[in-house]
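Presented sequentially are two complexes of chain A, the first with chain B as partner and the second with chain C.
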Partner chain A sequence: MTSSTVSTARPAEIAWHPAVGRYAPIVVIALALIAAWYIAAVLMNINLVRNETPYTTAELIAGTLNAERPLLPAPHQIIETFADDVFDWPVTSPRSLVYHGWVTLSATFLGFLLGAAFGIILAVLIVHARTLQKSLLPWIICSQMVPILAVAPIVIVVLGSIGLRGLLPKAIISAYLCFFPVTIGVVKGLNSPDPIQRDLMRTWSATPGQIFWKLRWPSAVPFLFTSLKVSITISLIGAIVAELPTGAQAGIGARLLAGSYYGQTIQIWAALLAASLLAAGLIGLISLAERSVARLMGAH
Partner chain B sequence: MPANWRRLALLAAAIGMLAAAVLPLSSEPTAGLLSRQALLAATLLTAALYAGAAFVAAPLSIAASFGGVALSCAVTLALLRDATIAGYAAWGFWLPVLATWGAAWLGVARLAAVKPHDKTASRIVDLAIPLLFGAFIFYLWEVTVRGFGVPTVLFPAPSVIAIRFFASPAVLWQDFVQTFVLGMLTGYVIGCGAGFLVAVLAHRYTFLGRGLLPIGNFVSALPIVGIAPIMVMWFGFDWPSKAAVVVVITFFPMLVNTLAGLNTAGHIERDLMRSYGAGHRQTLQKLYLPAAMPFIFNALKINSTLAFIGAIVAEFFGTPTQGIGFRISIEAGRMALDMVWAEIALAAIAGMAFYGFVALAERATTFWHPSYRT
Partner chain C sequence: MASIRPFEHTTAPEAATGEAGAPAAKALTVDARGVSLTFHTGDGEVQALANVDLQISDGDFVSLIGPSGCGKTTLMRIIADLQQPTAGTILVNGVSPEQARLARHYGYIFQAPALYPWRTIERNVMLPLEIMGFDAKERRARMERYLKLVNLSGFERKFPWQLSGGMQQRASIARALSFDPALLLMDEPFGALDEIVRDHLNEQLLRLWDQTGKISRATARWRFARRRNSSRSRSACARACARAILMTSSR
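Right, the complex of A and B next:
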């Protein structure tokens, strides 16, 4: 948190510095949310502690914030468990969150690559064939109405019966979830050049291939990256959720499931924290790629 | 596609149909097409229609190819009722299927190239193309599964699924109410409502808005479905825990989108409202909310899919013995895939109907927006 910027800055500077004006509300709201979390933790866990030892209010509150299986763990407990799970175990141990995170991450990446490639190919086909645009696009939109997560167990069963196990079924579920934003975004991007520009290409007697590589594709790139950011988080969600019905032994989803079976609430929250950090990191990765591609393409 | 190629392709389709009369229908001993007179007549008629479609002008040609496709679908499906063909189909069976595929593709392609001047006609064409395409996909699915004899435990044919679907309305209705009405709809209404109210507040008090918008943006990118086990722990196995997951999932997209929409009203409009002496309430009612409508509907659409996913995922962590997610995991475990697919069909239909409902509501309330006036 950047709370230090607020406390060290003198009031006169607060009014001047634009960064303070921008970040102060965020910090204040975030702190308010954390405070609300602590209060909620005390209120929700109080019944767990009351029957045990404490006598004074202070002891009661301390008890609620350090309960072993709290209804709502306090933020410091979650961070403690998270740090413990990440740093105190070797990365190959099934108790290490790094190990579980990696299992989920590899499915996320594979699914994302499959989904993005499929989405782009589909978009290129749709833009170039009017028949496909009219016949396939409505069904692609409908396909997103099918709750794929409901289909996940079957995908696993069917793929398992033809000998595919482990990573690939999860990745396919991720891919199914994440191709859609890519297709829609890239179709929009490939169609984004003005008719004037396309006419210009035609007056230069450019071939369809040249029109695609020199006009349509470059103008689709910004759209592509916006879609990729959406779709990589969806891919992560897909990978996590695909672990639930399959009874996976490893992965963040398996961690959630185990936590819920054994009532280990802090473990669930730590896994959620790990998933959130992964999501933020993945988006950051795409943003980085976006910026370097933009620089390569001559943006300022 | 150039006219010559199309003509060649349609003639090839006609020849493919005729192949059924010559080549063996099945790898097992079975009666050939020549001894099945009604089917033989239909096959010859189809071949004639395809060949005719190659030489006449567009409207008639489209009608002829789709007539041929319908006939040949009927022929192949009728052939599959013969136990000596289903599962053992040979080239005499597959060539007509391939020919029909080609003819159907050409028909749809030609239909897509038609540009009617009439508005209703063009809307009908736009609706007919995906419907025909979808119907044909289902036909291919049916024919492939039954022609190759794929076991039902792996991949049931659509007809088997449809039979199961209509044979068990009580179970499906029970699951529908449990997952869709109680779990998803309740959570959807509460979550979207709360997101909307907080957005209006955040818009009124700028400080709150400036703090909430980045946080909301961040949170709506997180895998929130992961809170499902926690909600099940807090609210129990029945539908309130599912609704709670849906509330949390739908809250943030609604908050972020509504806030963005409320902020679209321009300076000039705001100044105008001020010069009319409008209070905040009136400005909200007459300017901000109408301007935010497209954004709100965008969030409602995003949320309709998210909410369904959330409700179903929450069922993996514990349910009373009903609900779409519960039924799917139980029946998949028993290898009763026809029931699983019936549930998927139910979920898909419910999801599409709900999305369609939101889209219609959008059209009815934001018809004035530029994106609808083109």
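Right, the complex of A and C next:
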């Protein structure tokens, strides 16, 4: 019959907005986590407020969620402190999280650039010289087995003794951590062209340089971006770790350390929130670059 | 193990190039004598080619046919210097395959189009020209000419994934023709395509041979060598080529 009868015969479907289908699962999980967090905060902080002899259960719970030095701060406390640290202080003040965030971020950027460049150079060497693959690769893997928490103070002290302080030592530690995924990813990418694509280059008797720039490097680009996304978060971690042994002058690592010295749990959590927002932003930046490069390279 | 013998083939139309008539008059494009290739693998030696003699003269359109595993691809790869024989001598245009490769005598078309996915069709066709140092104007002119020849005008700015398999293979033919190679080697160029598209492309290929012969008569003669995969398509091969060579497997 007509199409209208067909459509009425179907069971009625709720017309969801596409955004609902996309974000609903994320929102549900986030809400569940926040609920679990509040419950955990009540349970963990209850011993702190019991001595203050509150009169009702409601007051007891309110006390656990607003303690001054809670074991586990409630989400609204963290956000309050975070907002206070970010917006209520001038960005040049050592009390401002923006100031500390920038200190860490600049070390992250420099470390990431150094590490990515070093990682790419290593990968190119490894791909082009078999002897280097045999001699370098074990060292590269070993370098990642050394606990960075042990190495960081050594690097800081050694570089400090030759007059290098501040940004560069932190960037070097960050680079030390983040070059590895780049090397592994780019080696794989440079070796990814299939035999036919390489045979073509051979029949045209292309030079090694031409094979690199016109075949190997473009093939490696998708692998490179995947590695860079891993590597930039690692370089942020490296920068934070590098701030711990410097005596906590500035940076998110310094905030974490100071918070733990003085039992300021809310401050620690606010710094953690800042670090994860930075990491998310950095990955977002790389993804943005990845998408525009992919569009230029004809991805669909 | 494979040996080779000329396949007595006379059904070719007026293109009977008279290879038996006056062999001395024509230059030999491929001259292989006693070519053998043995692979050393984990479980012993595998002989891919045994004592192959093959002469292809200038301007010939030759098909290699035979059962799978008889060494057709291997022989073509040896001609193109993608593999080296373990015995025997082979000359391509009077020089060794390596010298011929370095002089860029080969256009090689594989079973898969193998277009570079990050390049548009026009930039794929211009890739060998870039490598060989043609200037930008000449690159563009040749790209336009050969895309027109394979009926792909208008698809210059498309990326390979936006084209069908047959169109991609045609683009790869344009790419192989773009630098006027002396010898065009095709390894089951239409093997991955369906029967109808394959027949259509075979006809186009014949026309192409005709046209390119005309185009380049003033400068260099076109030399074609191609292969068909199985004896089943021998009739198709008979229509498509001037000379067929049957390779047998004695494994």
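By definition in this document, the second predicted complex is superposed on the first by the 272 of 300 C-alpha atoms of A that agree within 3 Å, B and C clash if a C-alpha of one lies under 4 Å from a C-alpha of the other, contacts with A are read in each partner's own complex, and residues count from 1 in each chain.
Basically, a residue touches a chain if its C-beta (ideal position, glycine included) is under 8 Å from a C-beta of that chain, and two chains touch if they have at least 3 such contacts.
Keep in mind the model is a prediction, meaning the values are calculated, not measured.
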Return the chain, chain B or chain C, that is in touch with more residues of chain A. B
After the superposition on A, what does A:A30 contact: first (chain B), second (chain C), both or neither? first
Please indicate which partner A:V151 is in contact with in the superposed arrangement: first for chain B, second for chain C, both, or neither. first
So, A:L236: does it touch chain B (first), chain C (second), both, or neither? first
Can you give me the overlap between the chain B contact set and the chain C contact set on chain A? none
Per the contact definition, I'd like the list of chain A residues that touch chain C in the complex. 194, 196-197, 199-206, 210, 214-215, 218, 221, 297-298, 300
Chain B contacts chain A in the complex at 105, 108-109, 112-113, 126, 129-130, 132-134, 137, 154-155, 207-212, 214-215, 218, 221-223, 225-230, 232-234, 305, 308-309, 312-313, 316-318, 324-325, 328-329, 332-333, 335, 337, 340-341, 343-344, 347-348, 351-352, 355
Can you list the residues on chain C that touch chain A in the complex? 80-82, 101-102, 104, 106-108, 110, 112, 114, 116-120, 127-128, 130-132, 159-162, 179
Note which residues of chain A are touching chain B in the complex, please. 22, 25-30, 33, 71, 130-131, 133-139, 142, 144-151, 153-154, 157-158, 161, 233, 236-237, 240-241, 244-245, 252, 256-257, 259-260, 263, 265, 268-269, 271-272, 275-276, 279-280, 283
